[in-house]
Amino acid sequence: MKKLINSPETVLADALTGIEAADPSVRVDHVNRVIYRAAPKVDGKVALVSGGGSGHEPLHGGFVGYGMLDAACAGEVFTSPTPDQMQAATKEVDRGAGVLHIVKNYTGDVMNFEMAAELAAAESGVEVATVVTADDVAVQDSLYTAGRRGVGVTVLLEKIVGAAAEEGRDLAAVKAIADKVAANGRSMGMALTSCTVPAAGKPTFDLPEDQMEIGIGIHGEPGRHREPLASAKDIAAQLVEPILADADFTGDPAIVMLNGMGGSPLIELYLMYGEVAALLEKAGVSVARTLVGNYITSLDMAGCSVTVLKADDEILSLWDAPVETAGLRWGR
Amino acid sequence: MKKLINSPETVLADALTGIEAADPSVRVDHVNRVIYRAAPKVDGKVALVSGGGSGHEPLHGGFVGYGMLDAACAGEVFTSPTPDQMQAATKEVDRGAGVLHIVKNYTGDVMNFEMAAELAAAESGVEVATVVTADDVAVQDSLYTAGRRGVGVTVLLEKIVGAAAEEGRDLAAVKAIADKVAANGRSMGMALTSCTVPAAGKPTFDLPEDQMEIGIGIHGEPGRHREPLASAKDIAAQLVEPILADADFTGDPAIVMLNGMGGSPLIELYLMYGEVAALLEKAGVSVARTLVGNYITSLDMAGCSVTVLKADDEILSLWDAPVETAGLRWGR
Amino acid sequence: MSETFTIAHARSWIDGFASRCDEQKAYLTELDSAIGDADHGANMARGMGAVRGALSADEPQALDALFKAVGMTLVSSVGGASGPLYGTFFLRVGMTSGAVDSLDGAGLSASLHAGVKGIVDRGKAEAEDKTMFDAMAPALDALDASLAEGGDLAAAASAAAEAAAAGRDATEPLQARKGRASYLGERSIGHIDPGAASTALLFDALAEALS
Amino acid sequence: MSETFTIAHARSWIDGFASRCDEQKAYLTELDSAIGDADHGANMARGMGAVRGALSADEPQALDALFKAVGMTLVSSVGGASGPLYGTFFLRVGMTSGAVDSLDGAGLSASLHAGVKGIVDRGKAEAEDKTMFDAMAPALDALDASLAEGGDLAAAASAAAEAAAAGRDATEPLQARKGRASYLGERSIGHIDPGAASTALLFDALAEALS
């Protein structure tokens, strides 16, 4: 295993030290492993708490700041944070208007956030609402699975809902826009290589030179199926088709993210976006906004994912609103 | 070789298609392979043209836009662009105030830009000034080398000098600030893995599991020496020490970049920055601004580089000035 | 040979489980690499390591306090799916045990049943979903059957451990319907569930503590 | 056996060089992987491929026009260090050849010398810097020596090709002082310079064209 780390056990603590050193606009609670805005929100505004396992950077810590999150709880690599962390964050960021928990649909994340919400309500009376993202079309949402995974749409949601909270909307309204975004986004991902979890010390799975995994999540788990390695054009089709088959994206403006899994260079991500854009255009999807880069990653995995969000004027104007975080920044 | 591409021959053309699709604020000349601002600068302002081999994204195409470059010439992967490309770009962006060529110190880049400047002056009378970056302390600047390589400081220079040009300074003043930045930056890089040039189809060098290369550039070339794989803290020392030994960074504010080579995930880059920041603090360097992420890469190489720029009030205020590009964005 | 489950047994159970999680860390992560995210070993080792630390700092004298400490520590140090699940298990075991320093067979069985019910309340697992529940449920059935046949606690715990191990192995051919292995669909078939494997360690530790 | 270097020879030289660059693409890139950036094969193959395309579109009838087309095409399609260097080489060869359709031995030698001087003007290489110059210079020396001894053009070109190959091999023990191999310091020792290798192909093609 080749990584820029001191030891597998200290990856998270050391990375938090680096984040704090790098970004004066955040503050880190090293005991609870929570990243906060250095300048908290004013009273009366809804606060946003997200969190999850580490290894997906910039998600979520890189999205703490004006226009996005108020706090991000960092779990160990690929392990959701604990209720304590979330409860501490919830109490800390509440400005009297309640707190929205943004949760990706994984058994662990959901259970830990559930316990945190119970604790926060019982102990400190903070009003908590929760949105769960579940946008991964690789997984069938059925009684026979834990439901769809929450992946790329989480990035878009944190931006859009962050803007709504910044505007001063109340908790119900903030939750409503969050639910709308969660309901209207779809994603599909693929891997050229596995990633290596530091504590495991070797790649999570072996992938021969001529094979790829289609329908991966963001935890280095194998995908839904293994396919022969294909051209970018072909891969784009394997990602876009299931998304378009799952929901109708015509007739409304779309926000599209071509996301890298962490180990694929930007030149390849741009190249992939070119293929995706061509397919979307052919399918009559009108792309209004685009994001290309590493936003929700799987450590050092090579690969990418596509997220398409059916938007509307409200969502687009929240998207365009100012944001000032390490991971996304515009308008101020 | 596992890459998100259609074929090694079409990587550049396809990536340019993707960049154009992804970013409405740029326009691509596909024949000359130049990325321009969609909204050109107003008359009377100095224009900035940079360029180099591809494979270093976001450098340079991702830095085209308000506050940075006017045009970026994209060569084949790791191959400097040709004089034609640079000449076309120079003519296109000149607003009557002259053009600054930003060149990284590589024999190929220097010779091609030299020919371009000769052609531009001869054929169209455009006044061209040139700044050459040569900040890599891994290489001794002596009669017995091609001089130091231009690496990380190029990113900082494009930002700072872009702001000076945006302010309306004349070509001599713009060149002066460019030369000041070039003279005051130092970088040092390391690799955990080689990268794979698409046309070569396999890694440029083999690096055993327990070894790393210290003193690499940005073209997948082997470094100055091979060392046993070490901890992040140790690697930080191996990068920071030669930088501090080469120039005195105390007494002035510094801008520091911890740059990823393309294949190292952000969590590791943050972690590395924590170690670098600690060393700089111990050495009495006062870090005023920080950049952590993938800014000048070597395709899919895992590794990182450190750049330290001795700044002053002028440089800091140019650094803080608004910038709106795919790769760097703040203040508007 | 014991007819009562004492606080000393409880301590030795927890300690034995912690040792097993530590020793089997790589094995549990290996299992989780195949159908999960390669962290179950690290999670359990970290959590049970924290439990050891918590118990050495503070030595609870009653079973409810002891198991509550175990549960709370797991909840606050593990995360992931296994943190709330094993955490809830021990919290419920403690609540049902009460402020006593020992339990008879029926009492131990009732506490363990409450723990498993906690897991089901949290995770909604059913039989053959390919989760830790598939090792838990048969373990309790075996424990109850042994006690009903008049077996002592040692015999009952050892029957439970055997059944848990069998339950673990029986997850191999199943297609997962809960947890992240469910995302794999049919590709989850042919692999042992990591949580069922850690549960087998849990009952193995109980059997040793009572032997 | 020829006493004049005709435009047909020139065409066949260029064509042979293009074929060799294409065939030896992987070899040249392999050499550039060791001490450079793994693109010399791709660069030369792309450039000489473009030259072939340019010459088939337009058939220059004089040597100056032919070599100018070759040089301009290389300059505008290769990039890197080799683009301006080989480009300048052919531009200068053409300028010195003039608007003629053949050259005698002295004329050819003068043109090639002008080309090599162009490379030196651009790149400032000296002997033993471990560059293409280390294959160029001995090749011209050998050509001149053979002509001086009364050898015909075929013999002279074949001597040049042999000397270029020897010059290529002689770069192996050198430490690079120009180009990107110089960044490697002592680590550049023990590898053949890729540009010297492509120059050996250039003279091999000339020898074949004149044979």
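List of remarks:
Going by the order they are written in, the chains are A, B, C and D; count residues from 1 in each one.
Everything below uses one rule, namely that contacts are C-beta pairs under 8 Å (C-beta built on N, C-alpha and C of every residue); 3 or more make two chains touch, one makes a residue touch a chain.
The chain lineup, named per UniProt: A, B = Dihydroxyacetone kinase subunit DhaK; C, D = Dihydroxyacetone kinase subunit DhaL.
Everything numeric here is computed off the predicted structure, so don't read it as measured data.
Centroids of chain B and chain D (each the mean of its C-alpha atoms) stand 32 Å apart. Rounded to a whole number, the gap between the C-alpha centres of chain C and chain D is 75 angstrom.
Chain A and chain B have CA centres that are 29 Å apart. Taking the mean of the C-alpha atoms as each chain's centre, chain A and chain D sit 54 Å apart. Under the contact definition stated at the top, not a single residue of chain D touches 2 or more other chains. The set of chain B residues that touch two or more partner chains comprises 77.
Viewed as a network of touching protein chains, the structure reduces to a simple linear path.
Counting only pairs that meet the touch rule, the chains in contact are A-B, A-C, B-D. Within the complex formed with chain A, the chain C residues making contact are 29, 33-39, 41-43, 46, 75-85, 122-123, 175, 177-180, 182-185, 187. Interface residues of chain B, counted against chain D in their complex, comprise 53, 75-84, 106-108, 111-112, 114-115, 138-140, 143-146, 149, 197, 199-200, 204-205, 217, 219-222, 224-225. The touching residues of chain A, counted against chain B in their complex, run 1-7, 11, 14-15, 17-23, 54-55, 57-58, 62, 77, 192-193, 209, 212, 229, 231-233, 235, 258, 262-275, 277-278, 290, 292, 294, 297, 299-300, 302-304, 324, 326, 329-332.
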